[in-house]
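This report concerns only the one structure given below.
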């Protein structure tokens, strides 16, 4: 898919909360030894949101960083879209709170997107459409989550918090252009959460081949066939990263060498930030990419689908990169917590009625 | 202009008085004051109270007090100035008499804090003395705001925690023989330094307790000499305001409102503050007690701790401070405190302060502070004989 | 229990100050403060213009709360501080992302948008700009 007008990433930003919990502590809380799972997940620790953080506060900092790099006034944004599966309000858009806070409210379109872990790239697709059609000049797309693994469930080892934001605008003003995209969706019930239930359910091994691998491979191959590109044409391949293992395997399946995948692989030290996952990996690459570099980004959202993007870094990246904190700065900022604080942060306790704040 | 005399006083015990509601506290103190004054009618009633609406679901306290005192018909109003409500009620009563419209006025200060049994609710109620949208919104408690002032003071004058302990220690010592006081046990520096932190650096033993109580005064335009030929005149009073929020205060360590109120109250009384024989300061926290002493000109800035530590503020010293135990140990039923202070000064000057009596005082003053210094009332009393 | 749920109209009305640090500057004497006011508290002028305050500053004084008001119990302990912004304006705020024991006067801080008050499981969320130690880059 290509829009009428060339578009790109005019500014990008990310945010990860500072707290971390080690995998050993997560396992020990349920009487398990982490060594049994270590090699299948290849994750060391995951981020934990502070008591006063949520998807909106994460989106805010990522968005402010993106605006700093874009160098535009927030009133120039024509769209503010937030993709997440951990909305502070089930009904009330996170995007309008974000728009108000960053100074973009008023004559703007806003909405929240849901598509499990690919809600953020869905938001990007939609903004590409608005910008590429000439309907708006700049739009903001955010992918962020404070994801909750069910207690003692395998996903508890990886579900974490973080997000990334992108100001999409004219390719001529971009630090990295988005040359084309390819989306692929099917009804595949690999992972879901029913409306009134607190934690998601998932199909264990079913989330692998028929879900993650099938959709990422389909979208990636679909894009590369359309563009006539091969893995050799790309300097980096960033995939949705539910753990440290799947992206390496899917990269191998597609023919990418590890050194093109590792720079964009953040899950081992941060966990799976769900709607932020592949996007955080992208920002980690943008931290270090050089003009002329080509990036293949492929997200995955359960339910299921993938969005693939062909991104090319421009000269402008050198100018704007240092205008805001890098993902590396957030990844290196860490304070370890134990399971009691983690459970408090995850709101796992049922609090008495007269305790107000939550 | 007319003079104002104090002709009667009354008070209840201070504590967690489960069996006393607002009306019981008002009636006990009010009737005791009327009885001591030897009168059964007044021209008006002023009720000092801060939180009756929030904690007791009861406003309209003027009519309420008149009703339960059997005095319905007279003009009666609630006066509110946060923790300075008591002093403000006395000031309004004195103003009313000076106007010539009323000859005899009953003032009652009352607060019933124990009906909300969870301390979080009382904390929220007390915090309404500060700025709701810009201090309370951030989770401030009233203690936390005073804690910031204490921090600033300690940094400015290079003081340690111990330097603040002398005031609570003296207050507890004084209250041990005061029958109506709330906390009647001595404390030492070790207990002070080990008590749990509420809002750093303010600890439990640095901060006045919460409690229920009521105190009352009868003010009159006519002098009333007792058997010894002594009467007590309310010879000076003033109030001043400063910013509600701390962050807009010009200097955290200067209680501008307290200085102005003190200066003008002493001017009105025609007495220099150096004539003071006994003083009541508003020691909700030791830092506030210290800043009160500075604002009254009793100590130089940064020297209050030395004054208290030296023993000069004891009952037997050259200038006794809070001989009944102050807010810290006598107690601080918030809206009532200002009236308790003036009842105590009155009884000191009249020679009826019992075991707390200081030797032969002729001039006394009370400083009552609302908020973190936002509304301060100073009253000066003089013995006439 | 009255303090449990934040007021919705108040949340909306205070957004310019809490979300964006909008304040006012007196056109006559230059005094700056937030939130907006009609009268300058220093010189009494009515000529107040809206401005955006700086987003960085340093801690003047701070305190750590252990006995919280109703509605804030879940976050204990937290740090409140008087912060002096880079233009000299003072604000009262909460510090976050910091170990209370590590806070010191003069510490350099910057704004972050965080939850301030939540009305329980079903009530509204009030967000506001708190301050945290400046991010190392």
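When the chains are written out, they are named A, B and C in that same order, and each has its own residue count from 1.
Definition applied: a residue touches a chain if its C-beta (ideal position, glycine included) is under 8 Å from a C-beta of that chain, and two chains touch if they have at least 3 such contacts.
These numbers were taken from a predicted model, which means no experiment stands behind them.
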Topology of the chain contact graph, where touching chains are joined (line, ring, star, complete, other): line
Per-chain Cα centre nearest the global Cα centre, belonging to chain: C
For chain A paired with chain C, centre-to-centre distance based on mean C-alpha positions, whole Å: 30
Distance between chain centroids, defined by C-alpha means - chain A, chain B (Å): 59
Approximate Å spacing (C-alpha centroids) for the pair chain B, chain C: 32
For chain C, residues contacting two or more additional chains: 1, 3, 70-73, 75, 116-117, 130
Of all residues in chain B, the ones touching two or more other chains: 118
Overlap residues in chain A, where contacts from two or more other chains coincide: 354
Chain C-facing residues of chain B, complex: 54, 118-121, 123-124, 127, 131, 133-141, 143-144, 147-148, 151-152, 155, 196-202, 243, 245-248, 252
Touching residues (chain side chain C, partner chain B) in the complex: 1-3, 10, 14, 17-18, 33-35, 41, 60-73, 75, 78, 80-82, 90-94, 100, 105, 116-117, 126, 128, 130
Of chain C, residues touching chain A in the complex: 1, 3-5, 15, 19-20, 70-75, 96-97, 99, 112-121, 125, 127, 130, 135-137
Chain C contact footprint on chain A (complex, rising order): 18, 50-54, 56-57, 60-61, 88-89, 97, 100-101, 103, 325-326, 329-330, 332-333, 335, 344, 351, 354-358
